[in-house]
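Once you've had a glance at the structure underneath, I'll fire off some questions.
Going by the order they are written in, the chains are A, B and C; count residues from 1 in each one.
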Amino acid sequence: MTTLPAVSGRRRATDTAMRGITLVLTIVAIVPLVFILYYLIKEGIGAWSADFFTTDPTGRFLGNPGGIKSAIWGTIVMVALASAIAIPFGIGVALYLVEYGKGGWFANVVRYFIDVMTGVPSVVFGLFVYIVLVVTKIGGTFAAWKGAVALALLMLPVVTRSAEVVLNLVPNDLREGALALGAPRWRVVFRIVLPTAIPGLVTGSLLAVARAAGETAPLLFTAAFVFGTQFDVSQRMNSLPLQIFNDVSQAQDRLVQRAWGAALTLVLLVLLLSLIARLVQRRSRLA
Amino acid sequence: MNPDETTTTPEQSPGAPSPAVAPPPLTVSTAAAEASRDGVTAKAHSISLRKLNAFYGDTHAVRDVDLQYAANQVTAMIGPSGCGKSTLVRCINRMHEEIPGARSTGEILLDDLDLQGTGIDVVSVRRAIGMVFQKPNPFPTMSIYDNVAAGIRLSGTRGVNVKQRVEESLRGAGLWEEVKDRLGQPGIGLSGGQQQRLCIARTIAVEPEVILMDEPASALDPISTLKIEELVHELKKRYTIVIVTHNMQQAARVADTTAFMLNGELVEHAATDKIFSKPDDSRTEEYVTGKFG
Amino acid sequence: MATGEGRRHFQEELRALEQSALGAIDIVLEQLDRVLEALEHQDVELAQFVILDDDRLDGRYLEVHQGILSLLALQAPVAGDLRLVAALLHLIKHVERMGDQCVTIAKLIPLSGHEPPVRSEMLDRILRMGRAARSEVVQARAAFQARDVALAEDLARQDREINRLNREVFQLAIDIGEDPDTREWAMHMTMVARALERVGDNAVDIGEVTAFVVSGLFREFSDASIPTIPS
């Protein structure tokens, strides 16, 4: 009868040890996240009510503090505006890097700068916009659109990076096939490359949007703070991160609780965007 | 062929009275003498390469090649890996220059037009010279119909009845019967052999003059390979075809003439029959009998 | 790229097949020797042996034939290899025919009875034809093995000698006289001479096959009476 050597006891032990160690590390990493979620829900769910979502913060120390309607709308408006700026530009840069400038020295320099920008702290973007746009009083002092610009600057490298990865994933033989049919390069890009890459581009953009929605520092000195809901982008606008920032430092408990509620809302918003991104990715043909 | 139309005067019986008016002269109206066969103009196109050199940066991949591809014939390019046959073929439709750092010198003539001449639009070169690649590459976001129509749309060709052209091309590629009921389904849902025939349909939808094939069957199973080879036999009636292949048996089955390349040089170009029964060059003999490569 | 290294298995099989085919020529030479001796000494038993031993040659023919089919099906030979395989097919056929000629001669020997009325001038010539045929077969074998086209072409020249002797034998038979037994013997001898002449022709054919392997062209080696087709 043919025999094969049996599994050595030592190897079995090593296997088990590895399994155990990685499991432990995973649990240790997950635990804080679980705690954060737990506290968020525990502290924040109490603040949620119909009023919470439909009334603006009143700013009154005594009496009804109001809800966070303006903050929610503010975040939506500013993030939407920032996306409208950052996504086209971000994808545009990625298109240049992948389709037109590939291998050239200029493309390499651009990529380097983009990499650097991903590491820049978000407060620096806020400061930059503050100095360039706010202090110089271009179009007024604080304004929502300036906040959007700061957010856009933050989003740009993220969008570009992910878009570049996705565009590189488009198989080159698709481009070759289209070129060989006698298509000018711009048509290859717009009719073949982009449609193929759309799912991945959407995912990357949604993740950038989710990040921007949660940033406080860029908005501090640009869009600033205001209580009421208003949609004029040339004026100050509220936002969820700022609302949280303000409320957390208050002495009143119910304001602090409102902050928790806002935080929970923000996290849920980000969660929702990430979920959509994942759904889109699952249906993608490139993933 | 359209028959000639002739009008003649009726024979006059001898005893009949002469008509008052002189009979009209014989008229013959010719139908279009240049009648196109099967709706395709019968003009044949040849490709001539003169002193073609191709480089990847400093690497000299194709050396001083002079070669004629006769019209409406299939020419196979054979040779060991890295001999330059794919590079050479990609120079013909100017795909070679898409690679950063790549360039080519020499003349590439379509009939008597130098494709590398100044002022020649590389895009129109590629519309005249189609290419089928080793790995089938249907566009993943498009249906079967759209894939075949892609060539027409991407190249910006106007005034074409797209639906009709798509059907003709799919018939021409031997795929119509298999897909006519599911033209709206994604192109990538087909089998490998079908996908390659789809790519061929896409290529001929643009009505090129020459078709280049870079190892078109090497990724396919034997039955699909044979179907593609049958297709090549059909296609050569309308197109001039150049086919790069690693598979010598395929070259033997399919090609009218065969060119053998080694280290970037053209060693021998002759009728396929001759290359595989009594080649002139000993290097060719060694390669085809498998003594090296 | 290693030159000459590829397809070693196939090359060895091809070589073995060639040796087998050439070995068949050796068998023919043995048969030819025996049948000539039987002729000279009117040895009926030796003649019988030749007839029976032809089975060996037929067996070799089938072996080589099968080997050729196998190589064609499995190895898809091209160029020089293909010409060699095709040539071996021709060669083995000619060899088999030569064997049959020997059998024909062997069958004619007993018909003359134990004490045939031999005419030495005819028998002489026939034996000379036999030796010439033998030397042609030897030369054909050497030419093929060495792929020597000049040697192969020389066979045509040698063959003229056999043809000349054949015509002489025929003429002698015509003038042999009135005796019926002698006439009968003479008729048999003309048939023997014809068989030997066919052996010579087959040897020349092998020479043509040799030229084909080398040049890829089939050319008739003609004697001086027929102009050669320019190659």
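Just a few scattered comments:
Going forward, a contact is a pair of C-beta atoms (placed from the backbone, for glycine too) under 8 Å apart; a residue touches a chain by one contact, two chains touch by 3 or more.
The structure displayed is predicted, hence computed values, not measured ones.
Seen from the C-alpha centroid of chain C, the farthest chain centroid is that of A.
The chain pair A-B and the chain pair B-C differ in C-beta contact count, and the higher one is A-B. Rounded to a whole number, the gap between the C-alpha centres of chain A and chain C is 93 angstrom.
Between chain B and chain C the centroid-to-centroid distance comes to 53 Å (mean Cα coordinates, whole Å). Residue numbers of chain C whose C-beta contacts span two or more other chains: none are found. Touching of two or more other chains is recorded for no residue of chain B. Across the complex, chain B meets chain C through its residues 80, 248-249, 252, 275-279, 284-286, 288-293. Every residue of chain B that touches chain A in the complex is listed here, in rising order: 93, 95, 98, 100-101, 123-128, 130-131, 133, 135, 137, 139-141, 150-151, 153-156, 188, 199, 202-203, 206.
If you check the complex, the residues on chain C that touch chain B are 1-7, 10, 76-83, 215-216.
The touching residues of chain A, when paired with chain B in their complex, are 102-103, 171, 173-174, 176-184, 187-188, 191-192, 195-196, 285.
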